[in-house]
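Two complexes are shown next, each including chain A; its partner changes from chain B in the first to chain C in the second.
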Partner chain A sequence: MTSFALAWRTAACYRMRSLLAMAGVAIIGALLFDMLLLSRGLVESFADLLNSSGFDVRVVAQEGLPVLRAPIGEAARLASDLRRLPEVDEVTLVRIEEAVLTGATGETRVSIIGSTRSSVRSAWTLLKGSDLPDAATPSADACPLIVGRHLAEARAIAPGATLTIRISAPHRPSALPAVACRVLGIGDFAFGNATEFAVATTMSALAAADTMRPGDEADLVLVRSRAEAGGRAAARAIARVRPDLHAYSNEEIVAEFNQNGFAYFRQVSIVLSSVTLVFTFLLVGTLLTVSTNQRLGQIAALRALGIGRLRIAAMLLWESTVLVGAGALLALPLGGLLAWRLDRLLREMPGLPERLHFFVFNSGAVVEHALLLAATAVVAAGYPIWLASRLPIADTLRREGVG
Partner chain B sequence: MPAIVEAKSVSRVFPMPAGPVTALSGVSLRVERADYVAITGPSGCGKSTLLHLIGCVDSPSSGAILFEDRDVAALPERERSRIRLTRIGFVFQRFFLLPMLTAAENIELPQAEAGVAAPERRQRTRELLEYVGLADRAGHLPSQLSGGEMQRVAIARALANRPALLVADEPTGELDEETGNHVAGVIDRVHADGTAILVVTHNNALAARASRRLVMKSGRVLP
Partner chain C sequence: MPSRASLTSGAVVVFLLGSALRADEPQLPDVLVTRQLAARAELHVGDVVTFASDANGTRAARFRIAGIYEPTPDPMRFTAARMEARMHLPDVIALTADPRDPAAAEAVDAINIRFVDPADRAAFQSDLRARAPGLAVTPTARAPEHDPFAVLDRFHLAISVVTVLGGTAFLLALMIIRAEERREMIGLLRLIGISRRSLLVAVLLEGFFIAVIGAIVGIAIALAGERMVNMIFQRRYDTALVFVRVTPSVALRSVAVAVPLGIAAGAAASWSVLRRGILSLIHR
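So, the complex of A and B:
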């Protein structure tokens, strides 16, 4: 009979103790699993969100990623220069404005995104109607629009509807005339959310609506690198030709957010993970110690029969592993359910992109969860093993009232 | 006849907070292959302490225990454990069967520890269960056995690795008279089949079955 079999049979024999231990480890393990998902989930989700646009380099005029971007002048010439770089595959100019949209149901504040090429459409998924025309294709509409799903639902907007848009940036005075736009389609914006409405149009339409700004300005340049070069190489090449601008690959943006923006979540995750591990250690360590103390006579008898210290130590180690292992297995679905619920709660915070998740399932977290709990099981078995292996056989048999 | 175990003027002193307590003082004892020795005496006279020394689970404060001519105190714990596993069989007052294992599995455990192959273990376990009259109880857990049956399983477990010496500490202490007599009969049979016996008991009927009876008082064997 192996030490594992003995441990398994012991766990089965002391059923209620084992079930309580497993339930305790399952609950604590579920929290640990969630903390591990949280420590990586937000960063992974953010990276997915950035990559889903199809562009892997972002060029801005100011260092960092400010909310109010400094405009990039002579944007068309910049785009042309960048397209000539061997590391660059595609360039799209993006301009974002605040606007007031007027339709049949009244006025609504929206963000309006103008872009030079329709390939930026990967920033949204078309749900209904048709997409914006390619920049090279002449459009029948002076102001074609893609309306975000939430706005379309809130204002009952359908493809074919006519809306008027007046640019109204909060940081500058505006006396711009309203422009009539036709809704081509309804889309799900990658960075969209239920509380901040967005629409998209062509760059030329946005420039025509916003005559207060020079027509050849952009707020952001999105670049798709050639596959053989990659985002980092493309960003370095752009920085060489335009040192006055700042080019960031998606990896660099994610790394910066990981260091700064997400540090709070990572710290919360580390602290709570450590707490859950200490609780697991205390729970299993206490149960095993109490259980070993209750069985001291039995263990002394086994030692008297010649059962070696190693076998008894291995049995206790397996016992700890069985309790923690079964609890850890239960922790995974429990943690998954809890993560799903917590994710929903956290994503209700206003202003967050709808497709951003805090808890993202990944196999690395499962492996880390298993390794951390296995290590805790070993540490928790330490004292009971020491107790059993250092046991004075004769004294224990005498104390147990045998003689 | 060569001795299986020999205690040479052994003493055992236990350090206590209130001062050292001498449990054994200068006791000598020789157990040979055909011996059946019973040790009796009042509680606290040192019977169990002597049995623990003879059974290699304790070391004397002075004197020597020679097991098959080897000084036990000089052996490393691993070697002492090996002697207990293969040369000595222990029977306890409270049986100490593992509650999660069946009668057969309890008997197999020391054999597995000694590295006996599974088919041989099963065969030997069947023989031992028949030997103690419990062939039909092989699959029963200790909780499903009576006190007498548990003690017979414990005797079978002690015999599993064919020891030269069986040491029993109050083997009938937890049993009624009739069951105790039954267990004593099994021990008689073990002795008759060639295993030396050392039994510590308050039970005069059991002690009377021994070929040699020692009486202890205040840590000494009375002449």
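So, the complex of A and C:
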């Protein structure tokens, strides 16, 4: 009989304890799997979100994260300068304001995004109606609007409706006149979240509605690099021509967020992965040790029948592998289910883009999960193997017989 | 109605352009700098520093460092290097207000108000909104639906529940092994007349003591872990923020979960042996 067959018989003989041990490994393994998904998921999801906009360089007036709004003056001239760079394919100016939507049902606070976009790929996906006109195309509407899905649902807004919007400057009393805007379409904003309402319009319409700021100001400049140059080269080229501004490629932003913005979740992931591994090792190790102690007589009898130390050691290693392996297999679907639930829970965090996910499946995490649990199974079997291999056969049989 | 109001200019970006050691200029205004800024720029109390509204030194002003302070830890910004300074409001306005805007010298970003009776807040809000349309009047406390830490709390709770479930499965497996080990002894005790009920009470008591000792050891490990985690992360992020805190309420909750679970696991595992007949227990 092979060592594996002996281990399998032992697991089958003590069915209840084996099933409970597998269940324990499955639950703890699911948590370990989720922590491995969490360690990369947020960063991967954030990178996907940034890349989905079709722009790979962001230009801002301030170093680091734009916590304080720092407007970029003479934005049209800047856009024209950047377009002339050989590394740059397309430039879009973005301006973001707070506004109040007035109507019969009361006032609703919204974020209004103005952009000079001139391509189909943008920060929103059109769900209904038509898109905003290109900056170069003359439009019949003084204030065309794309309304975010959540706002459209909350206020029952459809394409063709007219909305009255008043710009409100944050932390400042504002008495700007309200502007009538026509809804062209309903869209899903890439960076939109479920708790905040957003609308988008053209840069010229937003500048006309907000007379408190100079008309030629932008908050952010989005740049698409030429494929042959890449985002990093484009960011360096922009920094050369405008050293007063700060240009970041998507990779740099992701790296920055990974270091700072997502630090909490990275640390949680590292701490919990380590804790779950230690927990699994301790529990499987204890279980195998107690189980081996209980079967010392059996093991001594097997040794007396001529089964060598190595086969006994292999049997105990297989026992550990069967318990941890079966648990690890169960841990994957269980972990997937748990990740889905935890992701939903974490995405309730206010201000997070709806498309951002904390747990993103990747094959690397599955391989890492398997390797870590395999190593745990081997280490956990270490002490029981040592115990069984130095067992004095005659003494043990006599003791067990007398007992 | 309000008992106290303070004007704040929020956060403005100013540039530290240079420092000189202990100059004898008694009329200079005071400034406080954070411990992190003092360490980075090698500043000391009494030093004279120059702040300006931009890196070119526009509208620069000299200040004397009156003190170095530890910034209030902010969990939302624990990874940020706190390069901050605090100066009197007129000094900030003089440094940053736009000289072309006559109203700039009178402008502040926010007015913080504390009420004698907090119940007056709603009335005050509506009164002020009516008197000054366009003014944002909001409570400083974060509403629960806008609190990211409420979500993190639920996340941690969910992870604790999963860990407890996994631990319970292992505990049950261990208790079953222990019960099996003592099968013959239980058979003998039953033979000499000790009732199932007495044996069950003994098992429950044993489970209770093991669970209590386990919970106490667990809390001791958590306290040691608390020190270690705080030490590592406070050093890593150069902050006074407390990352982990084992409060009496957390410790009590752990005991409240661990003890019943330990007793239940012991009882469930032993019952499979106790319910058997005496002859079966002693292999007859």
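Keep in mind that, in the parts below, the second predicted complex is superposed on the first by the 392 of 403 C-alpha atoms of A that agree within 3 Å, B and C clash if a C-alpha of one lies under 4 Å from a C-alpha of the other, contacts with A are read in each partner's own complex, and residues count from 1 in each chain.
Convention: a residue touches a chain if its C-beta (ideal position, glycine included) is under 8 Å from a C-beta of that chain, and two chains touch if they have at least 3 such contacts.
Remember, predicted model here, so these are calculated numbers, not experimental data.
Contact with chain B, but none with chain C, is seen for A:311 once the two complexes are overlaid on the shared chain.
Between chain B and chain C, C touches the greater number of residues of chain A.
In the superposition on chain A, A:13 contacts chain B only, with no contact to chain C. In the superposed pair of complexes, A:398 makes contact with chain B only, with no contact to chain C.
In the superposed model, A:140 lies in contact with neither chain B nor chain C.
In the superposition on chain A, no contact is made by A:227 with either chain B or chain C. Every residue of chain A that touches chain B in the complex is listed here, in rising order: 1, 6, 9-10, 12-13, 297-298, 301-309, 311, 392-394, 397-398, 400-403. The part of chain C that touches chain A in the complex is made up of residues 10-11, 13, 78-80, 109-110, 132-136, 145-148, 151-152, 154-155, 158-159, 162-163, 165-167, 169-170, 172-174, 176-178, 180-181, 229, 233, 237, 272. Those residues of chain A lying in contact with chain C across their complex are 14, 16-17, 20-21, 23-25, 27-28, 30-31, 62, 68, 168, 170-175, 195, 259-261, 263-264, 267, 271-272, 276, 279, 283, 286-287, 290-291, 294, 338, 341-342, 345-346, 348-351. Of all the residues in chain B, the ones that touch chain A in their complex are 47-49, 51-52, 55, 57-58, 77-78, 81-86, 88-90, 92-94, 96, 98-101, 105, 108-110, 112-114, 157-158, 161, 169-170, 200.
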